[in-house]
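After this come two complexes, each holding chain A, first together with chain B and then together with chain C.
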Partner chain A sequence: MNNLNLAWRNLWRNRRRTMITSASIFFAVFFALVMRSIQLGSYDHMYKNVIESYTGYIQVQHKDFWDEKIVDNTFAYDRQLERQLLEDENVEASIPRFESFALASNGPQTKGVLVMGVDPEKERYLSKVTDKMVKYRLTPEALEKIKQDSNLPEKVKELAILFENSAYTNNSRLQLDLGIDDKLASEIMPSIESYTAFQNASIHMGEPGVWVGDKLSQYLQLGIGDTIVLISQGYHATTAAGKYEIKGIVKLPLPDIDNKIVYLPLDICQELYNAEGNLTSLALAVSNNRDKTIAETVQRISKLVSEEHKVMEWREMNEVMVSQMDADDKGGQIMLGILYLVIAFGVFGTVLMLTAERKREFGVLVAIGMQKKKLASIMTLEMLLIGLLGILSGALVASVLILYGVEHPIVFKGETAKMFEEYGMEPKMAFWTIGTYYISQILIVVLMVLLAIGYPIRKIFGMNLVNALRA
Partner chain B sequence: MIWKTAWKNVWRNKVRSLVVIISVTIGIFGGIFAVAVMNGAIEQRVDAALNEEIAHIHINHSNLRDNYDIQLFIPDLEQVLETVNATPGVKSVTSRTIITGMANTAAKSAGVQILGIDPETEKKVLKLYETTLPGTGSFFETESRHLLAYIGQDLAKELNIIRYMINDAVIDSLKKRELPEEILIKLAPYKGQRFKSEKSFKKEMKSILTLKEQHAYAVKIAKEAWSFRQRSKMTLTFIDKNQVQTGAVFRIAGIYDIKNNMFEMSQVLVKNEDLMELTGMTSKEMHQLVISLEDTEMTEEVTASLKSALPELEIMHWKEIQPDLAMMTDMIQKFYGVFMVIILAALAFGIVNTMLMVVLERTKELGMLTAIGMNKKRVFSMIMLESVFLSIVGGAVGMAVSKFMITLTARNGINLAGYEEGFEAMGFSAHIYPVISTSFFVTVTILIIVTGILSSIYPALKALKLDPSEALRTE
Partner chain C sequence: MKTSTKLLTLLLLWGMTLPMLGQELSPQEIVRKADEKFNGEKTSISQMAMTIVRPTWERTVELKSWSSGREYSLTLITAPAKDKGQSFLKRDNEMWSWNPTIDRLIKLPPSMMSQGWMGSDYTNDDILKESSVVNDYDHEIIGEELIEDRLCYKIKMVAKEDAAVIWGFQIRWIDKKDFLFLKSELYDEDGYLIRTELGKEIKSMGGRLIPSLLEIIPEEEEGQLTIVKIKEIEFNTPIKDSFFSQQNMKRVR
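And then the complex of A and B:
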């Protein structure tokens, strides 16, 4: 009979102890994996929001622009360079932008805003700003209609009042905020959609007109068709001033940007700042966004651009956010560390008892001629099997939950959603799919078990046969 | 008697009991200490908000906060002030004007909120003036014929008012601070160079220093190279009372540093008398009253009485002004509890296992006890008590160690300087002083006892199921 077989049978001699020890490992693995998944998922979600609706993964800028974001630090839109960049295997599209700061006003209301000159067609490759246009809004008029509709349940009406003035870029979020389940949706959503429908128009290159962020539009009390005045400093300290009609309202998933963004067609924006033909950045859409591939792409592109330019990666452009996530990540890991430490002691305790309990058995086995080495390896296998049982079952159950969570992220509705939004967060909890983070968790548990095994091994090799048999 | 037996039973197998006790100790210590660090960071955040940023209660025109329209003054200011001052619990009050505008220097511009304040009463309400960076001036204490503005450190950096440069004086004082010669040599080529921003300076330092050197000296070098030119200027542009764009050049009176990027970037304080002249407002025209209370606990009570006395105005307390802060303080308590429960659940597995072992090991003895007439209730409570003792001893040691460590670290704080940027962007200081309330220890004690009881149920039931005749026969 081989060692593994013996170890396996030994496990089931005291089924209860095996189960409890595995259960504690199961608990740790399950909890750690789910927590990591939620943590990584929320970082990914947050990074994606920022990267995909704002900075992009890679940008080519004037070498001084990042340190000093002024209009003088811009560079000429060089089509030759753009063609070269597009030849890179990982670059899908290059998106020209002109980004600056201005004071926006509507009569007495004034606010510092972020002016973004974009080519609306090209933004489809990156920020997809056209998808973020507001389609529905719970305006006071829409609320009035909702209140008067006798087909709508009271709860929906209450929630509609709570979310007054909220804007939506799609009907599913609207449905969630109003707490309407799918069954009821087909019945009442069409009428709610018709009450709340919001008319938006596009902006086009060459035609003066702006899109503004939803929060900003509320702050400045601006609606479609109103005029916004922008005042700033242009190229070489000229005065930049202009008035534009608001064509549309967009809602970005980043509250901090949503409350200050104004989109202008690129050429109109360059005209405003007296910087015709200049750009502050060329944002690049990439086909593969893995960290390593991005780094390689940055390296290749850095060789293409001239001394006047600088290539920036999303991590550099979002240092603060990266540092925040980093701190949060460390915090989460410390908590898991504490949890693992506790479990490690639990496992050690079990091993300790197991050894004491089987002292006599060990003695007998050695007395009838079993090699101590063989006994030790059986013990080791036994413990590893217990660990494996816990790891596998924990990983299995966690995986089921995680895979389900990836498909169906936790989306908060009603009052909880409102609270999240007030806090400046999207009311959504995303999971991160099964990945390399599994390996580290599993390694920790294996290490824990290996450390615990040290005790019985020492006991076996240092065993005094006579004493052991008498135990 | 049962108590004594249970206690003695704990120590029959010292090693085994100690393993459980130590694991409880570590779990409880880890949990409490982590909670204390988090709690400390949050309390510091709340303290900063109350003492330096917003105070306890704001009173303004009911539509002011929609868009800060300059025309929305507090009606009957004197009467309102009188009412506020007569309200019990109010410690001091100051009035402000608030205007949205833009701050420019030759190089850059930023959107800001300009607060027209009265330095004397402002000082009684908020302690912002205590955070003035040494060497940058003061909170409007020196007379000047120029217009003065008191701004945040981050805005000063953004507008290039604070710069970094390396010159002979910097090198000399670094020498005095006993920096190794090789670092001074590395810095020498930069003599006379000015850096446009903190970012470019830090980048340059990163490129010449090794990681080890950065850790040891980067902060010292930055402190020395940091430079602020006296009488720096900036232009503030805004819309006056008659909707006409206006502006003026302001000298920097001083620079404050409060570990909150958002606030530092956006709040510019100027003397109200200066602002009145520029905007055409009169001294009776104020936008907001800022109130500090004698005791934070009284916030809701005072808010309620102010609301009934001044129904026309918008009256908000700090939890309403900063709902994220309120949510954080309210939610975090629940989170602490959940965190401790998870740790205790992990500990429970260890305790269950040990107690199960205890029952199996003492099968014969338990059988004997039942045979000679010990009733089931007593057997059950004997085992339960042993389990509770195990967890309580571990818990007590864990709590004592936590208390000790919290006191120890609270003296100098824990400095997470590496994450400063991220922390300050959220309004937190990266220098944390752990703190936790006594009531939390009480909660944890209760949780520990409950854990002890719950994890003894299964083993104790096992003990009850023993058939005395069978049990007596086991070896």
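And then the complex of A and C:
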């Protein structure tokens, strides 16, 4: 009979022992993979949010702008350069922007804000800010109508009160916050949508008018049609001051930016800062956003621009966020390390017990003529099989969960969602799809099993036959 | 005879000491005279052009200014077109700005006092002149020097301990004959030179001799400079205190 066969039979001779040992490995693999998936998924989600709603992957700027973000460090919008940039294979679109700070006020309310001069049409390629316009809002009037509608369940009404004044850019989020399931949705959503509908208009190049972030509008107590006053320092220390009608309210997924952003049409913004024709940055939308491709694109573009310009990559522009994520990543890895340590001791413990239990069995086998070498190799195979069983089942179950999670990210609702938003995070937990991180996690578990095998092997070779038989 | 000799000697002595007394002005008196000479004993009305020089650009702002004593002043920007109509009012130690484009009257908070006024090297605090070169410093003559062929008192002014002054000490060169500030060096509390001010192109304006060009040179910023050219100035024309009002900020031309 060959070793593998013997090992296989040995495994099922004592089922419970096998199950316990492989279960500990199963949990190690399962938790490690799910934890890693959620971690990587959240980073990716955060990056995407920031990059796609704000910086973009690549930007061309004035060489001093990044170090000193003042209006004097702007550059002329050069259409020829833009055409050259667009010829690059990876550049899909170029989005001109004029970014600065200002003091915004409405009556006695004042706040420092981020002013973004944008071309609303071109932003479709990158920040898609038009999709972020508020469509529904649970205003006090809307709540009153909801309360009086006898067709609506009590639970929906309660939740609606909890979310008073919340703004929504799409109806699915509204449905989720109000705890309405899909079956009920077709019945009651149309009436809720009509109660909460929010009138919002777009801004256009050449027409004075602004969009403000939802949180900022609440802070300054401004609504559609109200006037916002902006004061700042313009180009070459001129006074930049203007008052604009609020055309629309946008809700950005980043609460930190949502509470300070004001969008102006690019040309109106340039006029405000007395910097006609100038830009602070030319953001580029790329077709391939893999790190390596981005780096190559940056290299190609750097050759096109003059010395006055600087090409920046998203990592440089979001340094704080990248290092925050790195720190968080290290923290996650330490947690994984602790998890592995606990499980390694668990595996080692079961192996230790298993060896002690089978001491006599080993002694008898050797006494009747089995070579220690053969015994050791059977033992190794047994352990490897247990490991394989644990790893495969762990990976399988984790994959099912992860694949489901990728399609259906966990979206928090109710109070939890509010808490997340107060911390400046989107109430969403995304998963990262099956990827190369599987390999490292599985390798670590394999290594753990191999280390654990060492113990019974040593015991077998160092066995004192007489003592073993008496055990 | 005896008494008459005595009387004569006394008269002579008195006659000799009289001009000497005139010479022996206290350093505080010298600074006060120079201060009044430039700012007017009571009021002044002036038109100026302020040029802000930066390493890569420069810009000129034209302004009209009314002031009465230390307490009141009103400044109106007259050019360029984009800034025209903005006005600044100072009453005692408060300052407001009026911006016609946004119809807003803004009270400048204390946190903005050290910021440059209209982007120049003048700070809002300089405009406010909360501190007095006469009352908030201890003065001492430390020598005499020639500045542009004019003999000057060199006066060191150390800020009094309880005075609300941002400078540690100043050294000012004041023309001996006409009491003009020709040069000032302003040092911080640690004794570092922060800013130099020069008075140039001495001319007769508004019936008195004053430097018609002021240069403010911040020491820590390479290539930065603010030049104020006085185009017209009148001294001691009566201005009612009610002229310096928030209503007038919006009306004044």
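FYI, the second predicted complex is superposed on the first by the 401 of 471 C-alpha atoms of A that agree within 3 Å, B and C clash if a C-alpha of one lies under 4 Å from a C-alpha of the other, contacts with A are read in each partner's own complex, and residues count from 1 in each chain.
Note that a residue touches a chain if its C-beta (ideal position, glycine included) is under 8 Å from a C-beta of that chain, and two chains touch if they have at least 3 such contacts.
This is a predicted model, so every value here is computed, not measured.
Undergrad: Put the two structures on top of each other at chain A: do chain B and chain C fit, or clash?
TA: Aligned on chain A, chain C clashes with chain B.
Undergrad: I'd like to know which partner A:Phe27 touches here: chain B for first, chain C for second, both or neither.
TA: Only chain B is touched by A:Phe27; chain C is not.
Undergrad: One more residue to check, A:Arg16. First (chain B), second (chain C), both or neither?
TA: first
Undergrad: Thinking of the overlay built on chain A, is A:Ala295 touched by chain B (first), by chain C (second), by both, or by neither?
TA: Neither partner.
Undergrad: In the superposed arrangement, does A:Gln233 touch chain B (first), chain C (second), both or neither?
TA: Both: A:Gln233 reaches chain B and chain C.
Undergrad: Contacts for A:Ala197 in the overlay, against chain B (first) and chain C (second): which applies, first, second, both or neither?
TA: neither
Undergrad: Looking at A:Ala367 after the superposition, I want to know if it touches chain B, chain C, both of them or none. Which is it: first, second, both, neither?
TA: A:Ala367 sits against neither chain B nor chain C.
Undergrad: Which partner chains sit in contact with A:Val113 here, chain B, chain C, both or neither? Use first/second/both/neither.
TA: The first partner, chain B, only.
Undergrad: In this superposed model, does chain C or chain B come into contact with more residues of chain A?
TA: Of the two chains, more chain A residues are contacted by B.
Undergrad: Would you sort A:Phe101 into first (chain B), second (chain C), both or neither based on which partner it touches?
TA: A:Phe101 sits against chain B, while chain C stays out of touch.
Undergrad: Pick the chain B stretch that clashes with chain C in the superposition, from 44-52, 242-250 or 458-466.
TA: Of the stretches 44-52, 242-250 or 458-466 of chain B, only 242-250 runs into chain C after superposition.
Undergrad: Can you give me the overlap between the chain B contact set and the chain C contact set on chain A?
TA: Common to the two interfaces on chain A: residues 105, 231, 233.
Undergrad: Which residues of chain A touch chain C in their complex?
TA: That would be residues 72, 105, 229-231, 233, 236-239, 241-243, 274 of chain A.
Undergrad: Give every residue of chain C touching chain A within the complex, in rising order.
TA: Its residues touching chain A are 52, 54, 56-57, 59, 80, 82-83, 86, 99, 101-104, 106, 116, 118-120.
Undergrad: Show which residues of chain B lie in contact with chain A when the two form their complex.
TA: 13, 15-16, 19-20, 22-23, 26-27, 30-31, 34, 38, 66-71, 100-102, 104, 107-112, 160, 196-197, 199-200, 237-239, 243, 245, 261, 323-324, 327, 339, 342-343, 345-347, 349-350, 352-354, 356-357, 360-361, 416, 419-423, 425-426
Undergrad: Per the contact definition, I'd like the list of chain A residues that touch chain B in the complex.
TA: Within the complex, chain A touches chain B at residues 16-17, 20-21, 23-24, 27-28, 31, 64, 66-70, 101, 103, 105, 107-113, 219-221, 231-233, 260, 319-327, 330-331, 334-335, 337-339, 341-343, 345-346, 348-350, 352-353, 356-357, 419, 422-424.
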